[in-house]
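Take a look at the structures below.
Look for chain A in each of the two complexes below; its partner is chain B in the first and chain C in the second.
Entry: the complex of A and B
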């Protein structure tokens, strides 16, 4: 009875939905027209005092594209010297309203004001009008940074001295220390998400996957998603399905980025989770309960095919690229399989690498030679043949395929 | 010359440079008293008592729904703060309380890391409404009306974000209470902590967070608790609250405002809805009238001119409008008393409840508006 009566209500509700005043039925259709027209006008002219319009910025060029949406370089119309990056908040998943990831990103960026974290200036919106179905788009407005690390590394004309590499890593770890100290995980460490201004200041960017984390309370483990971090930078614990992870996930990424400073391309370019685990085992040795107590309890430990009898050869394989002994030692400590033994950002900053000659040196002089912005998105596609042989082939995996395959070079901010 | 121009240019532009900041605290929403008195709803003709009742009702809805959704208390607190802030930007007459309350709670659940689905939020509000009207509990039916409502909630969420400039992350003063009680060496007294928190949670229904800093509110909650439980607080060398930079008069004012909550007669939701609906009707009619006159003056042979002529002959509409307005005002004044009488005579009239929620005028009309 109940359901049938309400079902019969459907047509009624449809007709009422359009009409605004049911009291005067003869007037209702014209009133609707009036209301909808006035509503349009009202919406189009309405000004939100605390949320500026995106048209205050003039878009210059697109500098990023990916699953998250688009990033534009733009300038402030009222202050043409001020350049910004506009990141569109993708609202594809309208089913659940404003994306929780964007809410997290906004809060996290506000919380994390730091020299080595990208600065969020404000949030803007487009005006609602008929063309966007009265749904405005939101933009995060950031200070503009001239380069990203992936773009710099893919340009063979850019050469980093050891002191400059140290400066990059020191700033990167400093940023990580700050965000971990504030109980935030970045969860998408990769070279393309490391921005560098023309003055040589490094900024961690793209907190679209970031979230706050808790120390384990009352013995109840956290249950975070393990489907984070770009595959090539994803640590073994995530690949094995860990859902109770913490800051070490970002330090694995930092290790991959550090190695990339010399190899100039991502060191482990797997196409699948399985292949990534194989690559990791080949570099860091077999994943066994002896090396990593507790690994056998991870969800995917038994379902993944883990190579046996592999020796750890991090130092050995990186030596041809990384001549510096302290650098090799730090890399060795960052790329430790067991997350509980992996070096923390704080300890890494105290590592000898940063405290023996040559000391970290300023990047601005080197960057001053390059007047053009270098972003991974704008860089020519990294393909074999375009670059010297030793740069691409760190491992003999089919690099061509992985590059052309689904874009892992998508994210910039 | 060139450099001079440049210099001028900079001088001209620099001071203008303002960016919308995002502030994560309660303090950025302290409002001057004239704003608190003349809220958008009051400007739309709603009396203050009705407005504060609507605020209380909305906050209670958020609290109850949050409990049913098994959200942590902090999500309900955030939701209520958003709700209170929003209605100092917008009026109850133009933006329906229920939809905003749903959107606030939904948004707060995401902000406080316990996301709930819109559908669950809607279900819970539907349930509360049925309980209130003492109707048999039936599930929410997924019809066109449901879809419309869902869209309205999503839109309301965006409006809240835009209106509040994304300053939606609230630092709550619950922690402050604990810190202060530690300073006062009362942190072991669980009864004191609990009651102070209770007062804090109840205070969200008032506008004290828009009037006073969280520190002052925290002191007032401690003050009330210790009076109630007869726990002495230090007076020498100086009264305890001076330690936390607050003044006695503010504490007493907040305490009064909180205590007032418990003295209020039970709110009659139907009566409130009636009042808002009437105002909304007159507001819309007024708007239609303006539109009609415009249409008749500007375009004579449009398809709607027929329909509009039906209602308002062209020359006198401005007068008519005023007449109409005054009439609704009279109605507005007399209506509550009538209703109240009616209620006393027919206190348990189910009919009234069912008919109203059945044709769902109140809901539907608002949804089609916003």
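Entry: the complex of A and C
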């Protein structure tokens, strides 16, 4: 057996593999398998009764790419009307076996069955053979969703009415309420991770960074990594090095996404953590212990350059885009610097925005006008270096052009 | 040097007295779980991580023949997987060192030799195999959660001296933990196992729950689960007690 490789997926039975307890393990494997051809045949033909082969789906096109791997649209061969999304699990650089991020994603998706959370159908594998060096690839299989929000927003032909924007936000907050209720943090809220089916049902997707969280026990603070959330949607507490954060990190992202429903492009496109903090201060006012008690204790509070004397201008800056007063008010409550004062998903759902005319309205009619799938990955105007002129940049006065042009797909962990 | 106490010899005597299990001479699922518990404790894992490992172990062998696999390789792999599932992370290197030392008591840690890499490879592959055999079902229902919830409610029913002086919940938790040695645990609902563990603890200490008359069929647990019958609870309780018979057999 090849001892240096750690990913060939040979079924480990006592007869053909190294066992923990036999002391002369290296001899036993060669003894039972007369030759390696026989062993390879055994591996190739081994049938896993509970894990179907990925070949039951016919891949149609690639619809996403990220640090997590590739996503494909595919068709169920036995049921040609059924479309799925296949997300490849990257295992190339894993030293600790099956990647914990993929394991967490699977476990969390099994736990979170909800209309507004993407549905995991099953996990599939490829057959192991010589062409893949006897290493199976694994895929998460999801119900297919026709669009993602970033793709929809980048298409100027797609127009959302106020009622439709309310429906999007209501479903998004419903999904967040459900995952937070189950003690899970999403940790990668952004428009590209918000999927929308052709029937107008919103689904939160990509739980590759998600994890369970605890309320603080016995006064011992949590120590989660703060290298999460795409920079443009990253809340100030993470940028300042907080490791004991909670659900408010996702609500900051929800606020950024909500503003984007009108501005059509991410509202704070920083290039570095420092620039992102500057942009946040310019919008939400200076980060000070008066506005945010306890901020001075965060690890990076003293090492970051925080602009002083900035006034809070959330409503003022967003008003040109967001005419609706209740919408501006909800945005103001989502984009609050101090996470303990930021509105929760539950309270946000009770906000007047959702309960005054026009009420949230169904998206399916509007989406029916668009027969083509819209994904951020497929939308040319959102990709680096190709921004067309209609693409408004919310902060164009305060930042230089070069730093707007850096890639949207910049994911920093 | 006569007066000097020979520490090594004393230690040796104590070790002999403790009678460590030589897993290499045993087989079967009971010993596999014993191994998981011993390694799990040495790795400083949370009790729920260890019981999750035992649960996966039984799930795996529900679908396969235990004779075809190395019990301790599967056991070590279950621990490694459970640590990921429960976010109680342990390094693969540590799992290998601890399981190797538990199997070969006096040996020193494995060097970075072919044997080490072979073992590492075996665990990584076993992990992928087990995941497929358990259908990637990583969300395992935690029976301890139910036990504590039921106990909290039950406590306000009992005479205060009963729960103040008698270690009811401690014993119930111990029963529930030990029940993981038996493969039948996967056949029962977490809620039922939790109730049976509490039931057995009450029985052991002869504590009765006020206002419930067994003859009238009025049992305290009907409040928690109206479907659960007394027969079922006794069935599980007997299964729990069977675990201790297995232990005494193995020690003789």
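To be clear about the criterion, the second predicted complex is superposed on the first by the 354 of 413 C-alpha atoms of A that agree within 3 Å, B and C clash if a C-alpha of one lies under 4 Å from a C-alpha of the other, contacts with A are read in each partner's own complex, and residues count from 1 in each chain.
In the analysis below, contacts are C-beta pairs under 8 Å (C-beta built on N, C-alpha and C of every residue); 3 or more make two chains touch, one makes a residue touch a chain.
Bear in mind that the values here come from a model prediction, so they are computed numbers and not experimental data.
Contacts of A:96 after superposition on the shared chain: both chain B and chain C are touched. Greater residue coverage of chain A by touch, when chain B is weighed against chain C, goes to B. Shared-chain residue A:181: touches no atom of chain B or chain C. Of the two partner chains, chain B and chain C are each touched by A:123. By the touch criterion defined above, A:79 lies against chain B but remains apart from chain C after alignment on the C-alpha atoms of chain A.
When the two complexes are overlaid on their common chain A, residue A:355 makes contact with neither chain B nor chain C.
Judged by the touch definition given at the top, the superposed model places A:52 against chain B, while chain C stays out of reach.
Of the residues of chain A, those at positions 2-3, 6-7, 9-10, 13-14, 17-23, 26, 48-51, 95-98, 100, 103, 106-107, 110-111, 122-123, 125, 136, 211-212 touch chain B in one of the two structures and chain C in the other. Per the touch definition, chain C reaches chain A in the complex via residues 23-24, 63, 67-73, 75-76, 80-81, 84-85, 87, 89, 91-92, 99-100, 103-104, 114-115, 117-129, 131-139.
On the side of chain A, the complex with chain C involves touching residues 1-15, 17-23, 25-26, 48-51, 95-98, 100, 103-104, 106-107, 110-111, 122-123, 125, 136, 211-212. If you check the complex, the residues on chain B that touch chain A are 13-14, 16-17, 19-22, 24, 106-107, 110-111, 113, 115, 117-118, 136, 138, 141, 143-145, 148, 153-155, 157-158, 161-169, 281, 284-285, 287-288, 291-292, 295, 304, 307-308, 310-311, 360-361, 364-365, 367-369.
The residues of chain A lying in touch with chain B in their complex are 2-3, 6-7, 9-10, 13-14, 16-24, 26-27, 29-31, 33-35, 37-39, 48-52, 76, 78-79, 82, 94-98, 100, 103, 106-107, 110-111, 120-125, 135-136, 138, 141, 211-212.
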